[in-house]
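Two complexes come next, and they have one chain in common, chain A, joined by chain B in the first and chain C in the second.
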Partner chain A sequence: MSTNLDIKVKHLTRVEGHGNIVVNMKDGVLEKAQLDIVEAPRYFEAMLKGRSFHEAAIITSRICGICSLGHQLTSLKATEQALGLEVSEQTVLLRKLLVHGATLQSNVLHAYFLAAPDLLGVGSVFPLVGTHPEVVLRALRMKRLANDIGDVVSGRAVHPITPVPGGFTHIPSEKELLEIKRRLVEEMVPDYLATVETLKALAGAIPAFERDTEYISLRSDGDYALYDGDICSTDTGRIADGEYRKMTNEFIVPHSTSKHCKVSRSSYMVGALARWNNNHDRLCDVSMDAAEQLGLKPGCTNPYMNTIAQVVEAGHCALDSVAIIDQLLDNGLKDEQPNQEPTKFGTGIGATEVPRGILYHEYAYDRQGRITKANCIIPTGQNLANIDDDMKKLVPEIVDKTKEEITLHLEMLVRAYDPCISCSVHMLDVDFIE
Partner chain B sequence: MANKPRVAIFDFTGCEGCELNQLNFEDQLLDILAHVDIVEWREAMDDRVDEYDIAFVEGSLSTPDCITRINEVRRKAKVLVTLGACASQGGVNAMKNTQPIEDVREEVYGQDKYLFPTLPALPVSAVVKVDYAVRGCPMTQIEFLKVFTSLVMGKEPIEPDHAVCVECKLRENECVFEKGMICLGPVTRAGCDAHCTTVGQYCTGCRGLVSEPNLKGMEEILTAHGLSVDEAWKRLELYNANQIEGVKP
Partner chain C sequence: MRIFAVGNSFYGDDGVGVAVLDRIREDNTFPGTELIDVQTDALALLDHLAPGELNVVVDAAKMGLEPGAVAGFRPDEVKLKIQSDHLSMHGFGLAETFAMAQQLDRMPERMLIVGIEPERIEINQGLSDVVAAAVPRVISIIKAEVQPDD
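Right, the complex of A and B next:
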């Protein structure tokens, strides 16, 4: 391929939201390689001003349909901290179960429906219905069960209903939880093992590309940190979640309606690969075995492996869900009412691992329990600078390939991050400029 | 229809939760695919086409680019169906319309606010003709299946125009007001089978207002149950800021 290159992919497909990839190389010098975020801004921080604490999580879950549970729980944690609302052990366990269901659902959706078509050289999952029906049916079965966890525990998987400040408006029955457990053991585990086998056959199509960066995720002393923990960086170690602004440093760039972030370097990565690099020692044996089969090693610096890391942690989500249900039932389900009597009105921060990475919400409340200031920092926004940096290293390395191959590599790179642009703008196209 | 209808799905300003809800028909997805050809859907596939029988549209219109795109969709579509609260009535996005637009932009982007153009968040019907609406936030799945089945069978979908209270009574729920909470069920359009109130939450009005809602009466009930007048209208505003404009004090 020539030393001049002009790629422009408008409204990249198979990602959540609207973005363009723009790459411009002239006489062998890379002038531009970036992801333009063109999603329409929605101004959630402004919408939240003056809203009751009862509405905060309802509104912020609407930032994103795919990540609605993550936004909702992060919002509830921020509100509860600000208003001094204690929650019960049962509430925390039910929320952890919901996080597992949502992570499992999102990771399966991404691996099978959005990423796998690239590995098989097709434009969408739909042709696979004819060619690989058993694989599509398996994906649908796994997604259904993951969503059923959301339906049973939170009333609805997309924009959950029952999680409210201080607890839940409705507690699932023992019978419903036992049925979820039975299906996890009898259906999800075999389907998960089959997924690992399928992916093993396709893993050779994952591009070899390495770029060391800073990886940031939550980390806790006990479990594989998803619902809560300290903020942990591969560069600088652990820090309390209240210090999140030091670990994000949002800034605005003209080519993106989503803000960018940086900490120790020009960019950092959040998401399943960051979680893997920081917390692989907390995963269950089934996940560790999947990692070994799929070639995922600790300290992995290939961003394309993020999809693999998602599949690896999905096994943990399935098995830990079984453990959580056992504990809920051992404790005995209690028909608790949510604790909604504020003991103070101040500022609160919530930090949660959602499928695409670490999510922060911070609210300040007045004495009427209304929001005076809100700040939401979204995983995809945190990854945007890292994606731009990846593209700047990747393009010169693959410049001898055809324009179509280069474009595909760039699209696959962006998809590997499983970007959620609605969230980040609260994005994707490829632009090559010759 | 003799030939399979050609279906296209589009997203504007929103969270894409309604589209996700379509991928969440795991049990029916393959049956749905057997009755239509999905010819364009950016979230799930690469193809782009020039005409289609049914366009499903998610999201509200809030930038100059949205207006251009929705006109193109309308030109290419025989039938246009909105999905969800954002497309059908403006949804949560319309809350920003109640604040001065410059303040809203400054709150989020500070001194860089002019980098990104914005308009008041509008329902699709404010710009082009809408044939049918699947309401809710996210869109109500049972209603989507009803509208989808009707269109595939060449029948006219029926839009409910009674209050959520009717469906809530049919579910034999205790009235939410009796539980010491507030509820927007009396003025909210039914069709959701009162799902939220059945699982202990109040109706937040996501399916939009019934025709000719008694909003003054709703204000009286809400204030009688402890909300200030200002808070009562704020709750009504959540999904219906455009609809209560002019009635709200």
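Right, the complex of A and C next:
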């Protein structure tokens, strides 16, 4: 048995942003097991100060390339609450459709491009293009349809962004929604079922590791809570989203430029596994069947299963999108104008389940409709203490493995959380061929 | 013809692609051309690349040139550094996207990349003066590539 261990993974791959895994064991005693976050802090809050209520969501949607929709909707909800802007049922349904598209896209990509290479023992998705082209094409097809939901509803890629405080500046047509529905039924559902089959073949490679923690997600009375709901903890039950500070308690640690959070214990987990543990009773049959096939059970305490929970809920996102489109069309699409007449200027809180967990935005507005104070708490920050606690339990359990195997287990653990450490900046690095 | 912008306009010069699209839209430089801002989702290019058309991608690029320098090149003229080790999807980068397009046989024949050497990539900053001044040169390079039936 190895009693001395020194692992440093600098700039962990296949996660968003820069984080280092640092593990140190001396004479059988674990001295350190943690994820160092070295990314420069982002100061969302400073960026928002003084901005008008029309700008807040536009700015926050661009803060992070991969979580843009989540920031946008959470921001709109916070602004609407602060300014007393009521939104229509149609607006809520369209936003729920957007959340489904974004969750579907993010979860599918994480499973296929980030997690699957680990389960197959290859370093990246590129070897899979050669060996399993049909699987990669399926992933891209699913991503495209999920993206297209976003494009049709929010006009992201080719038009100005349409979700604004109080509603939408443009409503998709019946024809566009019917086409999305057709593709969901004819393309997404078979692709989803094939995804479950593919993952079933790989699920045996998911490490067996258990650590009970506090799981926190939104929960609503009606549906599988993504767009809104109360905050729900497996330890303490439900509480209104207005109490979010009690359910986060940010604090500073020396090894991370991102704050950590805790509630009832030293750490808690947010994200798909937390949603599964709190809300599996709200999932559709297709997702429940996928969970059974993939070995995901209620009360799951294996953080590596977060990837499986993402895949399970993706099925619900696809099928509930069909139900939402049906409801929108049954109600009849109305060419509504967004409600942008503030009835007050105060403080508002938005809480939304984004792919990585609960995202909170809180703004205070002055009488000119400008932000005087902002607070944003992102899911990855909430998970950091939990990742550290996982590592501290995991390392002694796998200390008999080789250093390479231990390192891989730790990397896979962090990747299972699908962390978004930074906003992505796309720099193209070019060498000219002489 | 399709023109794509890749990048995040809240990260200083990383937003140059979007600035170029905005200028083209304002001046109606290329009527009828699809202008597509994929933001930071370079992989979304795979969904929009048009095989029979001219495809132009505008992005901030570290080329080892002076800040503000502009260069147009074809994918086979350069070695885009694949950073599979940094595959930070969902921020899949442009180099990775092109590699995948090639592997999947989806790379259009007519493909122009216009790179702009950035001065600063920092959150909450607009374009630097030298990069803002480069926007017309980007458009000139695209113009030179366009054929009458594009």
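Points to keep in mind about this one:
Rule of thumb we're sticking to: the second predicted complex is superposed on the first by the 417 of 434 C-alpha atoms of A that agree within 3 Å, B and C clash if a C-alpha of one lies under 4 Å from a C-alpha of the other, contacts with A are read in each partner's own complex, and residues count from 1 in each chain.
By definition in this document, contacts are C-beta pairs under 8 Å (C-beta built on N, C-alpha and C of every residue); 3 or more make two chains touch, one makes a residue touch a chain.
Not measured: the values here are computed from a predicted model.
Applying the stated contact rule after C-alpha superposition, one finds that A:G130 touches chain C and leaves chain B untouched. When the two structures are aligned on the shared chain, A:L333 is found in touch with neither chain B nor chain C.
With both structures placed on the common chain, the touch criterion links A:T162 to chain B but leaves chain C unconnected.
Shared-chain residue A:V189: touches no atom of chain B or chain C. In the superposed pair of complexes, A:M288 makes contact with neither chain B nor chain C. In the superposition on chain A, A:E55 contacts chain B only, with no contact to chain C.
Once the two complexes are overlaid on the shared chain, A:I398 sits clear of chain B and of chain C alike. Once chain A of one complex is fitted onto chain A of the other, the partner contacts of A:F113 extend to both chain B and chain C. By the document's definition of touching, neither partner reaches A:V92: not chain B, not chain C.
Within chain A, the residues touching chain B in one complex and chain C in the other are 11, 13-17, 42-43, 46-47, 59, 62-63, 65-66, 68, 109, 113-114, 123-126, 129, 136-137, 140, 143-144, 147, 156-158, 426. Listed in rising order, the residues of chain C touching chain A in the complex are 6-11, 14, 34-44, 46-48, 59-64, 73, 77-96, 99-100, 103-104, 113, 115, 118, 121, 123-124.
On the side of chain A, the complex with chain C involves touching residues 11, 13-17, 42-43, 46-47, 59, 62-63, 65-66, 68, 105-106, 109-110, 113-114, 123-126, 129-130, 133, 136-137, 140, 143-144, 147, 156-158, 423-433.
For chain B in complex with chain A, the residues that touch the partner chain are 11-21, 23-24, 26-27, 29-30, 33, 38, 41-47, 62-63, 65-66, 91-93, 95-96, 99, 103-105, 107-110, 112, 115-116, 118, 137-138, 195-196, 199-201, 204, 231, 234-235, 238. Interface residues of chain A, counted against chain B in their complex, comprise 11, 13-18, 38, 40-47, 49-52, 55, 58-59, 62-66, 68, 109, 113-114, 123-126, 129, 136-137, 140-141, 143-144, 147, 155-159, 161-162, 164, 168-170, 252, 254, 257, 422, 426.
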